[in-house]
Amino acid sequence: MSLQPVVFPGRLHRAGRRVRDWGPAAAVLVGGIVAWQGLVTALDIQRFLLPKPTEILSALRENWSFLRGAGLYTFWEAVGGFVIGGAVAIATALSLARWRPLGRALLPYAIAANAVPIIAFAPIFNNWFGLINPVSKMAIAAVLVFFPVMINMLRGLTSVHPSSIELMSSYAAGEAATFRRVRIPNSLPFLFSGLKVASVLAMIGAVVSQYFGGLRSTSLGLFIKDRAALALYAEAWAAIVVASTLGVGFYLAITLVERSVLRWHPSMRGVRAE
Amino acid sequence: MSADPIRPAAVSLRGVSKRFAGRGGEGVTAVTSIDLDVGPGEFVSLIGPSGCGKSTLLRVIGDLVAPTGGSVQVNGKPAHQARRDRDYGIVFQDPVLYDWRTVARNIALPLEMLGWDRGRRAGRVQEMLELVELTGFEGHHPWQLSGGMQQRVSIARALSFSPALLLMDEPFGALDEMTRERLNGELLRIWQQSGCTVVFVTHSISEAVFLSTTVVVMSARPGRVVGIVDIDLPQPRTVDTREEPRFFELVTEVRERLRKGGAAEALAEEELLLVEEER
Amino acid sequence: MRRFTWRLLAVVAVVAMVGAACGEEGTAPGGGELDSVTVQLKWVTQAQFAGYYAALDQGYYEDEGLDVTILPGGPDITPAQVVAGGQAEFGLDWLPSVLAQRDAGVDLVDIAQVFTRPGITEIAWKDTGINSFDDMAGKRVGVWCCGNQFPIFAALTKEGIDPNDPSEVQIVDQPFDMNLFLNREVDAASAMTYNELAQVLETENPDTGQLYQLSDLNVIKLSEVGTGTLEDLVFVGGDWIADEANQDIARRFLKATFQGWVYCRDNFEGCLDIVLANGPILGEGHMRWQLNEINALIWPNTLGIGVMDPEQFQITADISLDYGVIANPASEDAYRTDLAAAAVQELEAEGVDVNGAGYQKENVEVTPGGE
C-alpha cells in the first residue's frame, strides 16, 4: 500500500483555482448589469419602475459624500450589532449546552423572540436607548444576529459524537475540560456558518432600523426610504448598492477570518492520502 | 518502548447485570449475571450476536455505564476508581479523532490531560508513531488518512499513556477484510510490545480466535456467558496461523457455543463470512 | 406525476389571475350600474379622512353610482406609488410631494385641493427658548421623511440655515410618535395641529401630574412663517384622467366626497361616530380633537371646497422650486379645477353650503392618552 504525501496547491495553481472560483460569479455580475442597461433602454422602461445602471452610477457620484459617510456610519452600527448579538449568542449557546435543563426551559422562548418582527421591537428599542443613539440601531441589528449565531453554535456544541464524550470520560475529564477540548473546537465550523449569515443580517438590521427614525445625516436606510417615496429611484438604488456592497464586504471579511481560524477543516484544503 | 514496563491489569466481574430503563416502563436487560475473570496480560475477546450486550459489558468495565447489579474490579480497584486513575485506554469502532488536531496532537491528548510537559509529550508521540508504523504523519490531519490509518492513530492514542488495560469495541468493524487482517497482526505485535491486558469486543469469530488467548462467548439478549474457549494457538501468531487445522477447530468450537447461546440468525451471517474466508 | 403537478399549478395560477382581473372592472353581478373605484388614504384611518368615511356611510358615493373602497395608509405606504402602480384610482397626498413625483417623471394630477390651509407646525418646549426657526441653528430639529420635511427645510433655508449640513443644524428623522420630543431627544419636532400636537397634550407631565398644556409649548405654524405648503388633496394618474369616462367618475367622486365633508362640518358628533365606527387606532378623545382641527383646515374657504386657489398653488410651487423639492418649475398641468368646480356647482345648486363662511370650531377638551 503506497502512501502519497498530501499535495498542497502551489501559487500558480491557487491563482488558477481562484479564477475558477470567482470567475463565474463575476461574469454573471457584469452580464447582469449589461443586460439590465440594455433592456431598460430598449424597452424604454419607466424610470420610476427601474432606472438604468448608468443613472444609478451618476446618482452614486452626485451623492457620494453623503453615501460614503452614511454608509460607513451604518456599517459601524451593523458591526456593533454583530459584535453585541454575536457575543450574547455565544454566551447563551455555551450556557444552554452546559446546563441542558436550562436549555430545555429557555429555548422555546428564544425561538418565540426570534419570531417577533423587526417593526415591532424597533420602536421599543429606539425608546429605550434613544432614537439618536447608535446603540439603539446596534441593539436592533443584534436581535437579528442573535438567533442564527446562537442556534448554530448550540448545534455545534451538542452535535459531538457520543463516543467522543465517552473518550473524555475514559480520561476522567470533567465537563469543563470536555467543553474546552472537544465541544468548543467542534462548534467552530458551525459558529462560522452562523456568523456568515449574521453578517448580512446585521447590515440589513442596521439599514432597516433606520426606517424608524434617527439622525438624517448618517442614515442610509432613511435615505433609501425618503428617495423612494419621492420617486427618486436612481438615488435610492445608489444607496442600496452601497448597502449591499458593505454587506457583501462584511460577509467576505468573516469568510477570510473563517479561513484562517478553520485552517484545519476538510473543506478548506487538502487531498486524502490513500 | 522506553517506558517502565507496566503491570498489566486484571479484570474481575461478579454477578454483573445491566438493565436499561425504557420509556413508559418497559426496560431492556442488556446483560445478566455475568461472572468473568481476565488475567493480567491476557487478550480476551467478547463475542456474541448483535444486541447481546458485549459493548455494554465493555463499557461497564470502563465505568462508562454503571451496572444495575454486581461488582466490577479493574486493576485491583472498583471500576470507577480505575477510570479516575486512568488505568485504561479505549478504542471505539469510530476512530473518534479530532479534526482540528494533527495526528501528533491527537495522540498527545491524554498526555496533555495528564499534565505532561511538551518535551515529554513529543518524545512519547514519536514512540507511539513508530509503534503503529505511522512515522512521518505527525503533521497530518485525520481526514487526510485512510480508515485503517485513523484507527492506528486511535490505538496509538489509547496506549500513549501506557495504560494497564486496553478496551476495544469492534475497532476494525468498519474496515475492509484485508485491512482488518493486517491490522489484526499489527495489534498483536503492539499488544506484545506494550504488555497490557486487552478486552476486545468483536462480531467476527475468526478475528476473535486469531487475536485472543481466551474467547468469551455470549448468548443473545439478555446476554449471559455461555462459553469460555481457551485459544492454545502458539504465539507469535502469523498469517499462517489462520491456515492451521487447530485454528479451524477452535473457530468451529466457538461457533458451536454461539449457536447454543441462541444465535441462530446472526450465525448465518457468520457462516457466510467464514465460507468466504475458507475459499 | 411531476409534470402533472406543474400543469396543475399553471392552471391554478391562470384562473387566479383571470379571477383577479375580473374583479377589477367592478360591474356588479346582474348588470348593476356602480363603478368600482379605490381611494388610497395618506395615513391610517382617522378623523383626518372623515369626509370619505362619511360619504361612504351616508350613501353619497352610492348616490353618485360609485362603489368606493377606502384603503387606509400607513408608515410604509406611499399613495403616489399605489396610484402609479394601478392599485387605486384616487390617492391623497400633499402638494409638494405630488410636485416632486411629477418632477421625477410620475404623471399625477391634483384634482381637488381639499385642505385650504396647512396644519403642519414645528413645536418646542417653552423653556428651550425656541420661538422661531432662526433659533434652531445648531439644535436638533425633528422632521418627517418622504416629502413631509420640505416646509421645515424651506423655513430653515429662509433663515440661512442649511438643513443638509449637520454642522449648522442636526436634522433628526422622526418616527410617527412624539416620544423623542417628550424625551427631549430633539429640541423641536414637527407636529400636525390635528395629530401630534394632541398627542403631546394628551400626555401626563411627570412633574405636575397633570396633562401638558398648550402654555408649555411654543407652536410655530408654518403657514404663518410663509413656507407652509398645501397639504391634503385628491390626485389621480394623468393617463387615467385623460379618459372622459374617468373624468365623469372623478367628478362624481368629488361631489360625494365634498358632501361628506359638509356633513362632517354640520354634524360634528354624527361624523365623529362614523369615524369611530371605522376603527381608528387612536381613541375617541383624540379623534374629537382631530376632527375639530381638520374642519378648521377646510372651513371657511372662499372658492368652494376642493377648488384650488392658483395663487396658493403658486406659492407652494415656488417654495418647492426654491428649496430644491423639484428641479424644474412646476407646470399648471399639475392641477385642474374643472372637476372640483363642477362638483361644487352641482352641490350649490342643491343648496349645500360649500364655503362654510360661518364655521366655528368646537370646544374640545383633551383627554389623557386621547381616550
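In order of appearance the chains are A, B and C, and numbering begins at 1 in each one.
The definition used in the following text is that a contact is a pair of C-beta atoms (placed from the backbone, for glycine too) under 8 Å apart; a residue touches a chain by one contact, two chains touch by 3 or more.
The structure presented is a predicted model; accordingly, all values stated were derived computationally and were not measured.
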Chain whose Cα centroid lies nearest the overall Cα centroid: A
Far-end chain from subunit A, centres as C-alpha averages: B
Rounded Å distance, subunit A centre to subunit C centre (Cα mean): 40
Subunit B-subunit C separation of Cα centroids, rounded to whole Å: 83
Geometric centre distance via CA averages, subunit B-subunit A, whole Å: 47
Multi-partner residues of subunit B (at least 2 other chains): none
Touching residues (chain side subunit A, partner subunit C) in the complex: 46-48, 123, 126-127, 130-132, 210-217, 219, 222, 225-226, 228-233
Complex contacts: residues of subunit B adjacent to subunit A: 59, 62-64, 83-86, 88-90, 92-94, 96, 98-101, 109-110, 113, 140-141, 143-146, 149
Interfacial residue positions of subunit C with respect to subunit A in the complex: 76, 78, 80-81, 84, 97, 100-101, 104-106, 140, 143, 145-147, 164, 166, 170-175, 177, 179-180, 183, 185-186
Complex contacts: residues of subunit A adjacent to subunit B: 6, 161, 163-164, 166-167, 169-173, 177, 181-182, 185-186, 188, 264-266, 270-274
